[in-house]
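Chain lettering (A, B, C, D and E) follows the sequence in which the chains are written, and residue indices restart at 1 in each chain.
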Amino acid sequence: MASDTLTGSTRTDAEISGLDALETAGRQRGPSRVRRAWSALWPKLAALALAIAFWQVVVWTGWKDPWALPGPATVFADLGHYLVSSALWDGLATTGRRAAVGFAAAVAVGLVLGLAVARVAVLRAALGSMITALQTMPSIAWFPLAILLFQLSEQAIFFVVVLGAAPSVANGVIHGVDYVPPLLVRAGRNLGARGLHLYRYVIAPAALPAIVAGLKQGWAFAWRSLMAGELLVVIATRTSIGAQLTYARELNEAPRLMAIMIVILVVGLLVDAAFGAADKAIRRRWGVLDQAGN
Amino acid sequence: MTSTTTTPRSATGSVALRGVTKVYGQGEHAVLALDGVSLDVAPGEFVCLVGASGCGKSTLLNLVAGLDRASGGRIELGEGVNPGLMFQEPALFPWLTVEANVEVPLKLRGLPRAERRAKVADLLRTVHLAEFGRKRPHELSGGMRQRVALARTLALDTPVLLMDEPFGALDAMTRDILHDELERIWSERRLSVLFVTHNVREAARLADRIILLSSRPGRIIWSTRVDVPRPRRIDSPEIATIAAEVTDRLRTEVGRHGQ
Amino acid sequence: ACGDDTGDAAAGPVTLRLGYFPNITHAPAVVGVEKGIFKEKLGSDVTLETKTFNAGPAAIEAVFSGALDATYIGPNPTVNAFSKSKGEAVRVVSGAASGGVALVVKPDITSVEQLRGKKIATPQLGNTQDVALRYWLKEKGLNTTKEGGGDVTVVPQENAQTVDTFASGAIDGAWVPEPYVSRLVNAGGKVLVDERDLWPDRKFVITNLLVSTKFLKAHPDVVKKLVEGQVAANEFVNTKPDEAQQAISDHIGKITGKPLDVKLIKQAWPTLEFTNDPIASSLKTGLDHAVAVGLTQPVDLNGLYDLKFLNEVLKAQGKPEVTQP
Amino acid sequence: MASDTLTGSTRTDAEISGLDALETAGRQRGPSRVRRAWSALWPKLAALALAIAFWQVVVWTGWKDPWALPGPATVFADLGHYLVSSALWDGLATTGRRAAVGFAAAVAVGLVLGLAVARVAVLRAALGSMITALQTMPSIAWFPLAILLFQLSEQAIFFVVVLGAAPSVANGVIHGVDYVPPLLVRAGRNLGARGLHLYRYVIAPAALPAIVAGLKQGWAFAWRSLMAGELLVVIATRTSIGAQLTYARELNEAPRLMAIMIVILVVGLLVDAAFGAADKAIRRRWGVLDQAGN
Amino acid sequence: MTSTTTTPRSATGSVALRGVTKVYGQGEHAVLALDGVSLDVAPGEFVCLVGASGCGKSTLLNLVAGLDRASGGRIELGEGVNPGLMFQEPALFPWLTVEANVEVPLKLRGLPRAERRAKVADLLRTVHLAEFGRKRPHELSGGMRQRVALARTLALDTPVLLMDEPFGALDAMTRDILHDELERIWSERRLSVLFVTHNVREAARLADRIILLSSRPGRIIWSTRVDVPRPRRIDSPEIATIAAEVTDRLRTEVGRHGQ
């Protein structure tokens, strides 16, 4: 009945050949860090190169006037200026801070609301369907209320962001809780987990994958609401990405608009990388990682 | 969702079922899983439950554990007793390591960290998985998972233990060893055990009393005391004799229902 | 078969795609569409397609991408479109409206000095009204900065929001166009400055008619008919104001689901003047002011105006011609 | 070994008493249709009543001027007019059609994209993180491109709607596929399901709950993008909810704005009811329904 | 994910393993589950695999089924043979009814509807679940689920059957009946069967050959032919003798490893 891993006791020849096989297998499946990074990177670069090439070709055909559809060169030149301007970094700082604070608030509200609705039957009957309905309410509809409640303070922006993102987070939580395997809930209950403990030890971790998915969707809602909401209060000394985006459009600055879009995409990519890492960690734990080639 | 029919009146460790009925589903598709089952488990008694596949054994354990609501009848448990149930499937938490799985009931009981560690190590040694503490459930074999579930249930430290085919996925040797361990813990802690198994020798090896359940509807149709003194050996002739008798009864019962 | 360079003036049916805002400052456009004036003037050879917008950028995007041939629009997007296309994409062929802009403040503010430390809203950073406010404040010795610092805090925000924030007391005043001037007055505000008073002849452009250069080159005759329509629409607006006001209210109702209160239109009406003169000088001056307050680089407006047709039409009708800058 | 359900053979007394118990239990847990409907309805009505009462009280306190914050009476009066106006029904017809077509297109694109990215390693490396990044791009950033591509036609609106909703659907699909239990995939493969068949028989149904959740989030994105996108192409003869919402706001018609918000909420509730029914059917099948009181 | 080391060379129905090695994990945490296992299953042969919990039996079946990649060695199967594997857990599709679960492999083989129906009904009768066709997996007992999984695997109609403790959750009577059914199908279809069990009597009852696997690393350490003529009875003395011998060997093996 002794159980020994490879690092334990002495080994016979056969076992050592087994170890050799392991090494080989290891080399096949787990290439070096550099190669792994490269294999994650080249498809992205290829996709990017393809997209830019296509764009350039379209521009060369002269399909549209250059002021309507600027070429990559123009846009990247503008992006270059933008990258060294304080406008970008100040804007990113302001918008990033608002996004972080607003999203954090939305997550807090969404988690509490989601858990409450998921497990309390009366609340679910009363508010359950309201959550999706609220989710479909466009941000601009909340603007008057935001101003009524918070005047021209940053809170008005947060209000819009939270109203935009919290329902999405809550829906993720509800979905996750709904699909927790009943066997695990029963196991938890039998092990003595009741009430909050049941949440903490069973329901929350079991629903975690769905909650992370909900957070990801919530982030997208938060960010989009923020882009609109930042126009609500164009505060004095603080420029923001949302305001810059709208102004670029209002001034018909196509290259600048596209430069800002690229910045937004990059921010989105970074945030997705964070969510992706979290998700991958969960999947590794759960043993569902090795299904596709990733 | 605790059974409303659970009235804590009896002595600690005792389990009493009075005319317990369980119906799944409604209307046309209803299935009568248990029909008027009355059963007493005395404190410190080891009762084995045998019966054909689908006769309602798991249902019965679920009801006693308070995880399901009986459709009729009463279940009485000792004051404040929360019976530990070892499910038919391992039901481990996939997001926790083996150690952490076993630790959950200890955490829930609020034990200090050092004590928890010692207990977990001890329990994993009991089920012979001391070296697998850091693995995750999906890295274990079927039998190993079952043993982790056993360790987790034992960690509950409750006077009533409900076990649903706990050793079904184990080889004979490992099973023998765990029989000894379980018997030791049972007598040390004076547990009341309700134990479901398909292995009649196992039943005879462990039980003070063996109860036979009929199929659809599940009813108690026969029971016998096992008066063989302990320690017992599963390959002893006395055990074989009792096992043969139970098998006969079972055969008659299943035959009665058979096509 | 429209908007491209190959189109021949004489051949085949032409579609004219005209944009405008369902808004009181676009009264000639709204009335021209609602009363069928454009249709009549364009004749049966030209199909009129109208599109409405609620803001300038989309209209300019549409002109740039060839989805729109002509549009009524304010001075700001006009300059943007002209400068962003290096003077190529668009031409102003007629004026439409003048005036209709004012500084509305809380009633307890009665002098410029009292504006110190107050919050005044404008529709958008760097737009005509924003520049007008900042230049005026500067002349009165009050500093402003792009970032909202200085003696007076300028708060750029959407006009709709300005009404909300004014009503809730978050701002002390706003330099806005109609119908927001009237709306702010109804919300308890008081006109401190009527922008007309700051301009020669109390005239400055608020709406003009823009056509895409390509369309102008391809279908000069259609553009001429469009200008005829514009002149006729202005005629209508100026001679039958009641009918025009009702038409505007109805038209807005069709798009927005709720007719605009005619009372409001009537209230705003006197502050506006519907003239065919694009008042090019005011655009130019406005731009100089923007440069003066540090909001833009100088822009060369040479070639923006093409008033040949307008003057032909006016001449034919025996009306005074306008000056081509 | 015979197996008999209650409807099979003859029964003894004891079994019949079991049946009686069933009836009782049945009556306790499964009340009549009317009572069930009522128990689903009253919490909603109570929540509604509470919300309106609170609103009315706030209005009575005179916290804000009536033109800034109209009371329930004013709003409901306006809603009454709105309900009998052709504006609402024409707008709903236009917007509803656009939402349905746009969402359908977004679902098609999202499903294909999601499945492809989830199972093809190279695509995942190339596009995976781009999906979330695209999701965060605000609708207005796409407007110039939409007009470039589709001029002022309805397709421009669909373009914005699809770009808004498809990433969300795709993310739902990817999440669902990632968490398909490996055991079921193995079982499917062993039963002879390869390639498309594996999708059809195993992966798609196993991922269905997450896909439905993704569709729900996608709907919210689609609707919100539509509300903004409908301003892109305003055709005078065709009024739409999105245009009405914006104009109500621009004209500061607080009661009308609130009436439209109520209409949007009601549409959201109806759509949520459809999703809820789908989700409940799935949960019943999977046997995860009876966890909370619903 | 089909094993690249599977070279289809041998006769239909035969299975050949040549020095198969399987390592889970990498580096420090690597576990050598199988170490140089060589094994031949002749066409039509019934081979039972026994061994302690966690010794690598399931791993072996997974490799033969091509669901996992061997770390070393070769596995040879008949041309185009896709072995049917009955997993240790039921692995039923929760979104399908019992009938539909059994129907999946038939659908995948493109059988017409009528034929599928008849086959499904037949298979459900074989596992004594004819009346449960419309239920969903979560409405079944543990043993019932196992029987559905058996029916589903039999529906595959492949010449090589890999079975991982298929009767572990069944009572003795039901198990006896299914032994008979399995034996009948095996001889009718001339199947090659690789059968994992912890029940040595079951192994002796069914097998042509019994193979004993050692624990960590898993290696074949002993094997024996079962020459008892068929039909056999699980409670016959010959079977008991063989079972006793296997138990002895197993005990020695586990004892060697035991603490």
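Convention: contacts are C-beta pairs under 8 Å (C-beta built on N, C-alpha and C of every residue); 3 or more make two chains touch, one makes a residue touch a chain.
These numbers were taken from a predicted model, which means no experiment stands behind them.
> Please report the minimal path length, in steps, between chain C and chain D on the chain touch graph.
Between chain C and chain D, the shortest chain-hopping route counts 1.
> Hey, which chain ends up farthest from chain E, C-alpha centres compared?
So the farthest one, by centre of C-alpha atoms, is C.
> Would you mind checking which pair of chains has the most C-beta pairs in contact?
Here the largest contact count links A-D.
> Let me have the rounded angstrom distance from the C-alpha centre of chain A over to the C-alpha centre of chain B, please.
45
> What is the distance in Å between the mean C-alpha positions of chain A and chain C?
Computed from C-alpha means, the inter-chain centre distance equals 42 Å.
> CA centre of chain B versus CA centre of chain C: separation in Å?
The answer is 83 Å.
> Two or more other chains touching the same residue: where does that happen in chain A?
1, 3-5, 64, 68, 143-144, 148, 182, 249, 254, 286-287
> If you look at chain E, which of its residues touch at least two other chains?
Touching at least two other chains: 31, 52, 54, 89, 128, 138-139, 173-174, 177, 254, 258-259.
> Where in chain C do residues touch at least two different other chains?
57, 61, 65-66, 158, 164, 168
> Touching chain D in the complex: which residues of chain A?
Per the touch definition, chain A meets chain D at residues 39-44, 46-47, 64, 68-69, 118-141, 143-144, 148, 167-168, 171-172, 175, 177-182, 185, 209-210, 213-214, 216-217, 219-221, 223-224, 227-228, 242, 245-246, 249, 254, 257, 260-261, 264-269, 271-273, 275-276, 279, 283, 286-288, 290-294.
> Of all residues in chain D, which touch chain C in the complex?
64-65, 67-68, 82, 85, 87-88, 91, 143-144, 147-148, 151-152, 231-237, 239, 243-244, 246-253, 256
> Tell me, which parts of chain E touch chain B in their complex?
So the residues of chain E in touch with chain B come to 24-25, 31, 50-54, 57-58, 88-89, 128, 139-144, 147, 164-165, 168-175, 177, 198-200, 247, 250-251, 254-255, 258-259.
> Looking at the complex, which residues from chain E come into contact with chain D?
1, 62, 65, 67, 82-85, 87, 89, 91-96, 104-105, 107-109, 128-132, 136-139, 152, 156, 173-174, 177
> In their complex, what parts of chain A are in touch with chain B?
These residues of chain A touch chain B: 1, 3-5, 8, 183-184, 186-193, 197, 201-202, 205-206, 208, 282, 285-287.
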